[in-house]
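Notes follow the structure.
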Amino acid sequence: MIQKTNMKINVHHLTRVEGHGNINVTVRDGKLVDARWEVVETPRFFEAILRGKPHDLAPTLTSRICGICSIGHTLASLRAVERAMDVEVPKNAQLLRLLAKHGETIQSHVLHVFFLAAPDLLNVDSVIPLIQSHPAVVGVAVRLKGLGNDLCDLAAGRTTHPVSLVVGGLSKAPKKKELQAMRQRLQERLADVATAVEVFKGLALPDFVRETEFVALKGESSYPWIGGDLVSTDGVVKSEDDYLAMTNEYKEDFTTSKFTKLSRESFAAGALARFNNNYEFLCKEAKETAEMLGLAPVNHNPYMNNVAQLIEIQHVMVESVEIIDELLAADLDDVCAEYEVKAGQGVGAVEVPRGILYHDYTIDDQGSITKANCIIPTTQNNANIHHDLPELVTQQIELGKSDEEVTKLCEMLVRAYDPCISCSVH
Amino acid sequence: MKYLGIDPQKVRVGVFDFTGCEGCELQLANKEDSLLDFLSLLEVVNFREVSSDRGDDYDVALIEGNISRADEIDRLKDIRAKAKVLVAIGSCACFGGVNQQKNRFELDDVVKEVYGDHKVETDKVKRIADVVKVDLEIPGCPVSKEEVERIVVNVVLGAEIKIPKYPVCVECKQKVNTCVVDLGQICLGPVTRAGCDAVCPSGKVGCLGCRGPAEDANFESLKQILMDKGHSDSAIVERLRFYGAFNGTVG
Amino acid sequence: MDYRLPKQDINTEPFMRQSPRYNRKDVFMRTDKAYKCEITNIVELTPTEKLFHLKILSDQERRIFEFRPGQFVMLEVPGFGEVPISLSSSSNNSEYVELCVRKSGRTTNMLHRAKTGAKLGIRGPFGTSFPMEKMAGHNILLVAGGLGLAPLRAPINWVSEYRDEYKDVHILYGTKDPDQMLFTYQYEEWQKVDHIKLLTIVEKANKDWNGRTGMITDLFKDIDIKPDDTFAIVCGPPVMFKFVCDHLDGLGIPMNRMFVSLERRMHCGMGKCCRCMVGSTFTCVDGPVFDYWSVLNLKEAI
Amino acid sequence: MIHKVITKNEFKKFVDGLIEENQTFGPKQVDKRADGSGIYQFKEVNSYDDMDLDYTVTYSSVKNFFLPFREELSSFDFSDKGWDQTVEYRVNPRVIIGVRPCDINALNILDKILIGGAYPSPYYMARRTNTFLVGMDHEPLDDCFCESLGHDTVHRGFNLFCTDIGDKYYLTISSSKAFGFLKNVKVADPVNGDSVKFHERRKYLRDSFKTKVEVAGLPSVLDIEFKSPVWKKWGDKCLNCGTCAMVCPTCYCYGIEETIDVNLKSSRKERVQYSCNLVDFAEVAGGHNFRPLKEDRLKYRFYHHYRGFAQNADDPICVGCNRCGRACLARINPKDVISDLQMED
């Protein structure tokens, strides 16, 4: 085995991720000199734009922070507004919102696992050649993604940039007939998940471990999605309102995205973090899948995030059926609460596909936003990616891997976090 | 069309994103029941979000997002030079989208608000057409996949593309929706170009005009109607300026 | 207890006072299903106009299809659109019809790319026609501007075929520039064989043009018109036919002996879509051929 | 025409019977306006109690059950050498309950145009003949003016018509199907008292109209006022949104759209409900628009409605339901426009 002495990796505008970022690694005389994850996405300054906005336009506006998790942003924004003004959201509206959220989780996770990550595991550039070479897998992916999108359409009016999620609840509830049909589809599609699990069993994910702190919402009686306490695998517990102490944002000059930290120099959020913190609340079927795919809490291999996503897809599908059952038994005529505009401050924390998302607004007595802060999961993960890279490269040069192999592993590492870069530079 | 003796031409496309949320690009991978047929009409040579293939030999460049930094101008001009047809997709690319709301503030002020004392490079938001020649605009926030499909089919066949000239109300009425103006909301449907199947009013929220003005739209009348119903001038203007699509027509 | 409605009820309910004139399915087909035809020949007339020979494929349908000069068909290019096009061939030609089409939009652009052998559909014929029999025994003045020669070609063919029945026949034809002249290959035949006097004029000459330049009405100076013994057919854009008809009116030709063909947007050809309304008149069923008096009485006709 | 009476209880049984066996539509409140008034539409119903039969008037008319907003006229399947056209106009039989007299009269007008002319529409006919229509009278709204146009009562065009005479409905049966179905319930021949009540009800309804529109001589007024400044006054308000035509029970103008499917193997030809108020209604290839101004287009709708078209023997096609006036955000309504025009005289 020949020791590689010099190495220069320079991935400009990494592909198959949302947004623009670069990987830069320099190894000289067998020693790592520099390894960094640079976010070069152009910032859009949503927090600045939000100032002066009527509160009811904030969810519509912030939905546009991200095309993939727009429902998550809308929900976090709504939660911030509603908590600032003490709006009580009707139970059924909460259920419908969660259903929309689940649709997004399915859609986003499927997109990531199958369209963005799988090509690496199958050694192709994109999903397109897989249409010919692996039609069954592509079929599964397309059907599941369609299911996720349709679930969003049904519950929120549209999958990208939802329309019917409004302050107070929902402007329009789906018809029971449609819910009934969706319930059936969800159950039928579980077979596709089983197929996907079979496929994944046969794929080897890179073996890389770095001790990491994982941050997620804390479930009380179920796997957490909207609101609640914040926890970490290092034992930190904080309230939702105390999110700033959980994120500790700071800025580095080489990247347009901010970085965050908690007990260590960085932490991770997302599917794996949720899994590591809330394993007990997964449904039976999802736990079985976890066992089959060799994932158990607390797992420190970032590449396993893909597996955690697959497990979550299954979990939310099962949970969606339960939610629909509850909705079918309920009266869906009125799913929006009236509310009084008043001044206040509120935080909304929501587990979106890539981790915890926080929106925090201060609203004046006219209902206009005076101050806004949004902390995006990818912002939280960026630092962790940045700190994973040197460790990964060091381990790999010790194993004597080639430039190409290391480059690919670096790319796959970033992709494993499913970063939503434009989101992180909102 | 074979029956006419015309062979459909697969289009070689490049998809490029600038400042935006990438929601429009995402639509290209949506509408699963016809996705595979849709993809078979295209040869994707460059689409960073879903593919590592980075070809330069595209005929049609789909541009998402707007321009808000100097390096983007160069990248866009380079794409323009290579593409035969340049299509702006989405409200950001066509009108500036929500991002142009930044232009109402001083640049220094927005940077300071978000990044404090750190230096971050940013410019006023520009539409794609402000920087290079645009051959076709497909508005929407996000674009409607149905419309994109229809347009791609016509491009492949070399047929003229028709987009509605009438306002959203037509589609809204066809869906037998309750008019949200009757419910006390502001709706820009009467002045906004149809083609979205009135998604927003169908979800019982007022249209915000992401598709830009309909032809011969009557802004004065709509404004008068809404003010008569008790909505404030500022609330109406706030909505008209939401996507930047009416900036030429409202103050 | 039985409340079930019968599965399909194609017969009318007795409560409907207007019993349909046709309620046999095969008759419906004529208006809603196109006759399939094949392009048997394409003649490129100008860079923007082509003449298509269309043969109706079914023998039976070909036999049914009869038309009169001035009528039009709805030409279907499946998937792209359906457009009204004047029948430009002889009404005695039962083998194929000729349609002269200008490339001007979605449907017609596609049509221009079609090759011989392509299959199209036609419905029709629709609309009113020129009263050719009534004109017999008189002088005929055929005036066309630009693409107006396309609808005029059917009456020209008629007159040629029944030449003995008419007295003097004149064609006055004007276009913007010489390149736009249609059917130039037929001029000699019209003049030599059919003894029709043809006068042409262009607004803007080019170097190959050694004919006249000017407006179409300039041509009237060159011919001798007997107002009380002349019928006129004028086809062209509204400004042009108004100009010509007013001129002829000045000469003393009664307005009900001048005929024009109107053009409006059309989607059905059957008086239903209302796109072709002029005032309260349907261009498709009450027209496209109108006498000039009626046109003057139509609101917003010109 | 046969008359019977039925108690309201028996009627409910009758309606539930129809609903049980057939796809049925009836009036339902779908929303409340900001001012508290109800918005009704014809929706699919599952039982008698699902309906709001004492509704005032629906926001959209029943027209769209016969002329859907979007309707496939035919489809083409392509092959390398050619294509095949498929034309289908079968519809599933259905029942519509609670249709108002003016709406039925509107259908009679559409019958005249779409079935009576030289080219009867098989699509419309199929829908019309396979719909079992139960009419029902009602008290007019303040702005209804169908009485002015003689459309407040209806004599044909329905299977069954119900007039509320207190605890019973006075039934007008005009189809054998209706007669047959009624055998399932208890109906009685009207006794003298019933007929008296029936006539009283008619008179009461007729006297309840608050809005009157003078329509005599309207065709010539419209011809004369073709260039009137009144059109500009109202045209300036018009949004050209087509709402009026979409909700109108008689507006029938349409456009054709052809779309090729994404697989390039087939295409669809659809009829799409249009409105003469829409900007490109009269636009032709090359971009020339025969009605370039808002006022031209607005005028045209009035022209069609009150001047009448040849297909309809030049009779007005407006039935006076004032749906357009109610739906128009710009508050453009027939009564005000017509009285403006008549003032011009």
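Per-chain residue numbering starts at 1, and chain names A, B, C and D are given in the order in which the chains are listed.
Here, a contact is a pair of C-beta atoms (placed from the backbone, for glycine too) under 8 Å apart; a residue touches a chain by one contact, two chains touch by 3 or more.
Only a predicted model underlies this, so the values are computations on that prediction, with no experimental measurement involved.
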item	value
Pair of chains joined by more contacts [C-beta pairs], B-D or A-B	A-B
Rounded Å distance, chain A centre to chain B centre (Cα mean)	25
Centroid spacing, where centroids are CA-atom means, of chain A and chain D in whole angstrom	51
Distance between the centres, which are taken as Cα means, of chain D and chain B, whole angstrom	37
Between chain C and chain B, distance of the C-alpha-averaged centres to the nearest whole Å	43
Shared-contact residues (touching 2 or more other chains) in chain B	1, 3, 157
Residue numbers of chain D (touch at least two other chains)	78, 81-83, 259-260
Multi-chain contact residues (two or more partners), chain C	78-80, 105, 119
All chain pairs that touch each other	A-B, B-C, B-D, C-D
Chain C to chain D touching residues, read off their complex	1-18, 20-23, 25, 28-29, 31-34, 36, 78-82, 104-105, 108, 119, 121, 263-265, 267-268, 270-275, 277, 279-282, 285-286, 299-300
Residues of chain D defined as touching chain C within the complex	17-18, 20-22, 73-74, 76, 78, 81-83, 85, 87, 90, 93-95, 108, 111-123, 125-126, 128-130, 132, 156-159, 174-177, 181, 184, 223, 226, 252-256, 258-260, 267, 269, 274, 276, 281-286, 290-291, 296, 300, 303-304, 307-311, 314
Chain A contact footprint on chain B (complex, rising order)	17-27, 29-30, 32-33, 35-36, 39, 44, 47-54, 68-69, 72, 97-99, 101-102, 105, 109-111, 113-116, 118, 120, 122, 141-142, 199-200, 202-205, 208, 235, 238-239, 242
Chain B partner contacts - residues on chain A that touch it in the complex	13, 15-20, 42-45, 47-49, 51, 53-54, 57, 60-61, 64-68, 70, 111, 115-116, 119, 125-128, 131, 138, 142-143, 145-146, 149, 156-164, 166, 171-172, 251, 253, 256, 258, 422-423
Partner chain B, residues of chain D touching it in the complex	30-34, 39, 41, 59-60, 64, 69-70, 78-83, 236-243, 246-247, 259-264, 273, 275, 278-280, 294, 327, 329-331
